[in-house]
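You will see two complexes here that share subunit A, one where it goes with subunit B and one where it goes with subunit C.
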Partner chain A sequence: MSPTSELLTSSPSVVAVGAGMFADAVDAQGVPTSRVDWQPPMDGTAADLATVAADPLRAEANARAVAAVLAVQADLVDVVPAGELLGLGPSDFLHAGPPITWERASGPMRGALMGAAILEGLVDDADAAEALFASGTGYTLDPCHHHDAVGPMAGVVSASMWMFVLEDAASGRRTYCSLNEGLGKVLRYGAYGPEVIEKLRWMSGVLGPVLQSAVRATGRVDVTGVLAQMLQMGDEAHNRNRAGTLMLLRDVVPAMVTSGHDASDVADVVRFVGGNDHFFLNLAMPACKLALDAARGIEGSTMVVAMARNGTDFGIQVAGTGDEWFTGPAQVADGLFLGSYGPGDANPDIGDSAITETAGIGGFAMATAPAIVRLVGGSVPDALATTRRMAEITLAENPRWSIPVLEFMGAPTGIDVSKVCRTGILPQINTGMAGAVAGTGQVGAGLVTPPASIFPAALAALASRTRGRA
Partner chain B sequence: MSPTSELLTSSPSVVAVGAGMFADAVDAQGVPTSRVDWQPPMDGTAADLATVAADPLRAEANARAVAAVLAVQADLVDVVPAGELLGLGPSDFLHAGPPITWERASGPMRGALMGAAILEGLVDDADAAEALFASGTGYTLDPCHHHDAVGPMAGVVSASMWMFVLEDAASGRRTYCSLNEGLGKVLRYGAYGPEVIEKLRWMSGVLGPVLQSAVRATGRVDVTGVLAQMLQMGDEAHNRNRAGTLMLLRDVVPAMVTSGHDASDVADVVRFVGGNDHFFLNLAMPACKLALDAARGIEGSTMVVAMARNGTDFGIQVAGTGDEWFTGPAQVADGLFLGSYGPGDANPDIGDSAITETAGIGGFAMATAPAIVRLVGGSVPDALATTRRMAEITLAENPRWSIPVLEFMGAPTGIDVSKVCRTGILPQINTGMAGAVAGTGQVGAGLVTPPASIFPAALAALASRTRGRA
Partner chain C sequence: MTHTHVELRSGAYADSVTLLQVSKQVAQTPGVDAAQVAMATELNLDTLATMGFDVPGTSPNDMVVALRLADGADLAIALAAVEQALADATRRPSDEGSTVAPPRTVGSALGRDGAATLALVSVPGEHAFVEAMDAVDAGRDVMVFSDNVPVEQEVALKQAAERAGVLVMGPDCGTALVDGLGLGFANAVRPGPVGIVAASGTGCQQLMTLLELAGVGVRAALGVGGRDLSSDVGGLSTRQALRLLDADPGTELVVVVSKPPAQEVADALVTFADDLSTPVRMALLGDGRPDLTAAAESVLAALGLPAPTWPRWDAPPSSGEVTGPLLRGLFVGGTLCDEAMLIAREQLGPIHSNIPLSPELAVDGTLDADGHVMVDFGDDTLTRGRAHPMIDPTLRDARLAEVAADPRVGVVLMDVVLGHGAEDDPAAGLAPAVRDAIATASADRRGLDVVVACVGTELDPQGLTRQAEALAAAGATVLASNAEATRLAVSLLPAAVTTGGAR
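Let's look at the complex of A and B:
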């Protein structure tokens, strides 16, 4: 029988794309129907999508970008003060997200900068700190990302803060991240009171040195491998890092015990790290940056290599457009609030931690962490659906980071600017929420997306380069 | 309209129970069909099922049994040598499962007993050990379960082995379990070579004392609570205990560091525990026994309070039948084998570790540990289906032990002998496999069920008591 006559004589089965009315009508006639989600491309992107789709470099550039990212092996190799590591003086400050000035900085960013200035002895109190920063002189302010670093929430780094050093042995490239302070009143959420400064001083005086001794004696700690284990242990490595934190302890405690540090200091360090389920976030983030930076500057690649927020702007960088930032207004997350806080208390999205989603974990691996979906206001089916949806806008699955409950599907890795523009599906980020007023601290946790506008902007830049090369 | 006329005028929707032919026929007519699994009761159980179902004590007895089990809070409170704790002399041995003699003991049980006799200095070598045990005199052999204890695999306990002590504060009841040796050539799998004995000597000389100091200084460690966390972290607490082991370290290491023990011993202990993902199994098991023992002796209750195997017999004990064992032949697990081993090398099912399934975790909580389903030869959908199927034969869901991926369903807890007989669904156990030849060690891991016959036997005993009370 010819295929055509077969169509006429056999029972039909229908694939319905997009709006559901046609599928509903066919369903009503008892015909098996598969529904495929579809929505039109983002407004005004049709011409640029066509240009980029026809870019002769694109397919190979994206394949190279994916291969480069997946080949990176991030090892923790050292713990060093930021001053020594990055050459920061007491008046030099790094921050999360794309570049920003004090004038445009949000409450939590200002609060964290004020706290860091007090910590460094640059000023005596918050008023003096505010006056210093408002004066616009006598200090520098630079994104972490411009110094091979990342920072969660406000992401403020100053000279006396110790940083994890991660290295990809094959390339020798390194990335850095500060040490996680735990929850409650902490600098990264914009708090700067005396208890915040006191804890930071203990971190500089005890935690950093003890970790340094332990890591140097232990040798390379395989952070990429720990991340693979975490995805089998309910962590998505952005808002849940409990298993990762415990595995870090397992790996470095033996060397810590025999390091010669005072036993009570070692016990305090184990208690501090073990009591802070987020401690490993500050290793997950630089591991993700180390992987993604391998794809920076690949001409023709439409892969996102960074998503970062400074509390005012949300910015992305793309492999094929060098170090240019495409920015739009950071959104307020939708989620659950601590105590009596509500949506009116929350600052817009802040932090470099969306580097985890950029690499395929965090919100992209929500399926692996059903235990946190309630924390950010979602349900288990939402979590499974989110991970599957992110596969629609990414270039690859990461075979090392497999998600057991989705039949060991690899984490959806490598956000493709053109897929985002073509589908209108925005990257899903799960995040903590800082109080909008400087000094408040954390007010909640929830789900957020980037502002849609930044993807057509990045696409336009990619299309312009494509045309320039034609 | 009357309900009857409604039936005639509205579209039918059909619920089909049992064999699929009727459902297939209705399906073919385009009628929505819900299929309900059903199979006939186990052979010969109809009369006993009717008797037990009509027992006026049953409903309330089972409610009391469930409430008693769920109310138990298991805390780790001490670590003590078995000799001191249980009054064992050097020629007294405990073993897993229901009572057994040397003559009927399997290879791995014999191997473990021989190793323990060497460890205790009772004999000089394996030949002398074999002769001693074969003589039938000069030693005692008793189930762990008869001494408030449990042991994984061969479960052999002798005087110089240290044991965890768990306590339910409200009742003061205690249960015990030996310390886990890790994988490879280990006593519990029937190996007894010099490296096995050497490790056991280190465990008695260093591991036990360091853990004792740490636990005594830490205070009560909430094992029931750690188990709740484990189910959110990919552990089902029988064949996967990685997160639990790490949480134990987190809780006791600070006190271990300041215990005054030699730093290199402390480091060795952390390395040993951290390198043995099964270490927490030996806390999960006595926590489950502590919970289930709360229901022992409740007249009229059809709830299973222990499932245990000695490598020859599989036995269960039931709340409403005192300490009587109902036994049948232990089965060989179906699963995956290490190296060149195959099904012919495997000993039948062995160990007290099925106490985890009896309490609702292990194979009953496979849905929470998709990462291990491959290890035991299953798939993720199998794992989800298994947990749902176990809910068919259990009396309750444990609200403290919730399974995130099944929308936070509680672990299916309290196997009901009458539900097993009525449905024919057997409890699902996942387990390690020991080599059948004494001295071999582990050969694989897989899935196994109890012999079906022991449930009708227990039901008959329950029915007989019901009739006796009538």
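Let's look at the complex of A and C:
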């Protein structure tokens, strides 16, 4: 025994959960008492919660998972075409979220795949693209997450798209993400018209090569460090990436200018990146994935290592359950709509970008970006409450990602499946909304949560493994 | 007639999120078919064009207000709505909601309150283990009041606590005293040299109150849960509590108090205790073992103190002769009921009960039998859906009226437990009930003797003497020792009963 008990060595100070009369009696004796606002856990989870709580591996496994995630240093080291980087051929496509087939794919997912097939010259037009995918042969479809990658919204990646390469120097591990197209009618929101394809060709022909030269000449760009700074500048790194985008430019523009690329191309690139407030999102996402992947495969850990949506299903993966996806129906976000669009026009939740919330930023760092809370008509106190609420379901605070307005509290990091089931508090995700009809593009932005059912499902798998080991 | 209004406001700015909200609010104004208030960015100009608005030359720093109305006459109302929405969107937030929401788990509460040393868990039994494990994980001691915790979870919790070097008090633990703080049902006693480890709540309270009455204080009373000394649990928390008290310089002597334990567990415990440097006395109820009062007296002897005369408050002389041959025990304390049965059966033979000493003596739902009966109203089956009788004695008071009307009954033995957690003034309810019971018997020309074991101290919020005097004035004889009260009750039965044994 290492005696840590303080019963006989210090004055008592009490935390009470359950019937109020016991806490009242302690209060009445003048002893400090804090009370837990306890509520019954999610339906049907009591036995599994007890099994997992009794797992002798759990506490140490979660401590290791947290330490592994917090130790990762994500640097931008290169920009390379996906074909070269991931070995994709012209008919190989990656997508956001858990695995999905064309038959079950939503409008924006289909639209993005059709656009990518046109971009790769696999087909001449949208009709031919649709026919190709519907035929079920002659192409491959795989989640980004199965290739160390992430993609926002539809997250479709094809061979000629350029990707950021992020690396953790200590482990040599790498993650990848495509380049952000900006807002409006863009492939990731399911648009595939000529202007979409034209922009993608410019990104492959000009943006990618210019960025590659600049990054290679600049050397490693500390993305984890930029994230720490942008959180102190009003960005939550999911729906607001304004400061991060400008800091990226600050770091790479000198090398861009001296890169020898045509001056008007460099000007176009600077104008494009600087005019796209979301450009840094595609660096925040792979940085978060790089951190979370460090916790994969830790037996006994209840930490969520990925939350991802394909427009049809919302899926999570957990450190202690290998590569298994726990999926449920993706929800429609609650938020504000562009123009005449309304809730009926929105597709269910889509994209790998919830990797930011999984790592403790985005919706979890709402307090540092109060403007985002207005997406659902909230207030600044709501934003503060959201971040504090997320701390109820996470295993740790990230000391590098601190939030000034909450006295520099660290971003709540490492969603605990058990705590979600115990409290019924669902992770809050900030998101854009794609039109449900292929080709529409963005229709709004708002807040969304995962389907509640996937957490009890993941818990049941953790409990089953615990029993199997016993 | 449909009316379209497009207006540019140079130098006006709001962020896009705010303006989305403004647009939404304006669009909900009666008479407004469509509304878009936006900065004139390329994307927003596209959106405005899609909506059918024709926007003149702009710079991205202009704010565009575009409205489509069913009737041009409503324009002033719509523009007022725009102003209102812009004002609303930039309002100063009220302070409402700025208070921090309370923690939702024990783990969260301990994380927020670094000074907390102890968790108290009283959630429903099936959920108690998870909350208690939060405390163990955080290296904190935990007391679990909850009952109905599965025994395998109790074992897992206590094993984890042993590894973490902390103590689990409970589950189904009602009594503890640490650093003068009474937890659950606990009496107010002076600080002193005796450490108590208790697998029995009211047993612990009897011991600590008798020591207090004898002028000996208690260093700590650590409840370990009624099942701790069962074969399944094997005394995990009892050993842990003994380790803590053994390491504590303020503890000179330890007493372990329990209902009848599993024999092999008791044997192993004695061996374990022999290896400690602090002397340990066992007050384990059972056949041929000392009662709780005797255990208290042996503690006093070990400290070199004589046993006092335990306090007693006599009732005014009884109005009638006791003829009823049967004894009824009506208890709120399970261990006090156990102790009373163990003592009474030496004279009276078998005692029927809802917590019988042997299974064939179990009573049915009537709680009655043709013989002597003792009922524990604190037993789980009688507390379902209601508070413990130490807090709400309604059931027991009603039972007293019933047994008073039963001509077979000559003597009623009851307990009253004072201290933190118990009702504010038990005599206020019980004294009239005792008076009524005696009156009921008297009206039937019978004598009825009522004997009360009052477990409490003068330091308790209710005050021992105040309670005892009120009950004595109502006609009950009150004793501080449950064992002495039981012996008195037995002696008050008609002579033929005690000499011949009752069936």
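One rule holds in what follows: the second predicted complex is superposed on the first by the 429 of 470 C-alpha atoms of A that agree within 3 Å, B and C clash if a C-alpha of one lies under 4 Å from a C-alpha of the other, contacts with A are read in each partner's own complex, and residues count from 1 in each chain.
Basically, contacts are C-beta pairs under 8 Å (C-beta built on N, C-alpha and C of every residue); 3 or more make two chains touch, one makes a residue touch a chain.
From a predicted model like this one, the values you see are computed outputs, not experimental measurements.
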Which of subunit B and subunit C A:371 touches, first, second, both or neither: both
When both partners are placed on the shared chain, which of subunit B and subunit C touches more of subunit A: C
Touched partner set for A:228, first subunit B, second subunit C, both or neither: neither
Touched partner set for A:405, first subunit B, second subunit C, both or neither: first
First, second, both or neither for A:39, with subunit B first and subunit C second: second
Contacts of A:422 with subunit B and subunit C, given as first, second, both or neither: second
Contacts of A:437 with subunit B and subunit C, given as first, second, both or neither: neither
Touched partner set for A:380, first subunit B, second subunit C, both or neither: both
Contacts of A:255 with subunit B and subunit C, given as first, second, both or neither: first
Residues of subunit A at both interfaces, subunit B in one complex, subunit C in the other: 371, 379-380
Subunit A partner contacts - residues on subunit B that touch it in the complex: 30, 229, 232-235, 242-243, 246-247, 249-251, 253-255, 257-258, 263-264, 266-268, 270-271, 274, 370-371, 373, 379-380, 404-405, 407-408
Of all residues in subunit C, those that touch subunit A in their complex: 15, 17-18, 20-21, 23-24, 34, 36, 42-43, 46-48, 50-51, 89, 93-98, 100-110, 112-113, 115-124, 126-131, 133, 135, 137, 139-141, 145-146, 150, 153, 156, 160, 162, 164-167, 178-184, 219-220, 222, 240, 243-245, 247-248, 250-251, 391, 420-421
Subunit A residues within the subunit C interface of the complex: 1-19, 21-23, 25-26, 28-29, 31-32, 34-41, 46-47, 49-50, 53-54, 56, 59, 183-185, 336-340, 371-372, 374-375, 377, 379-382, 384-385, 388-389, 391-392, 418-419, 422-423, 425, 444-445
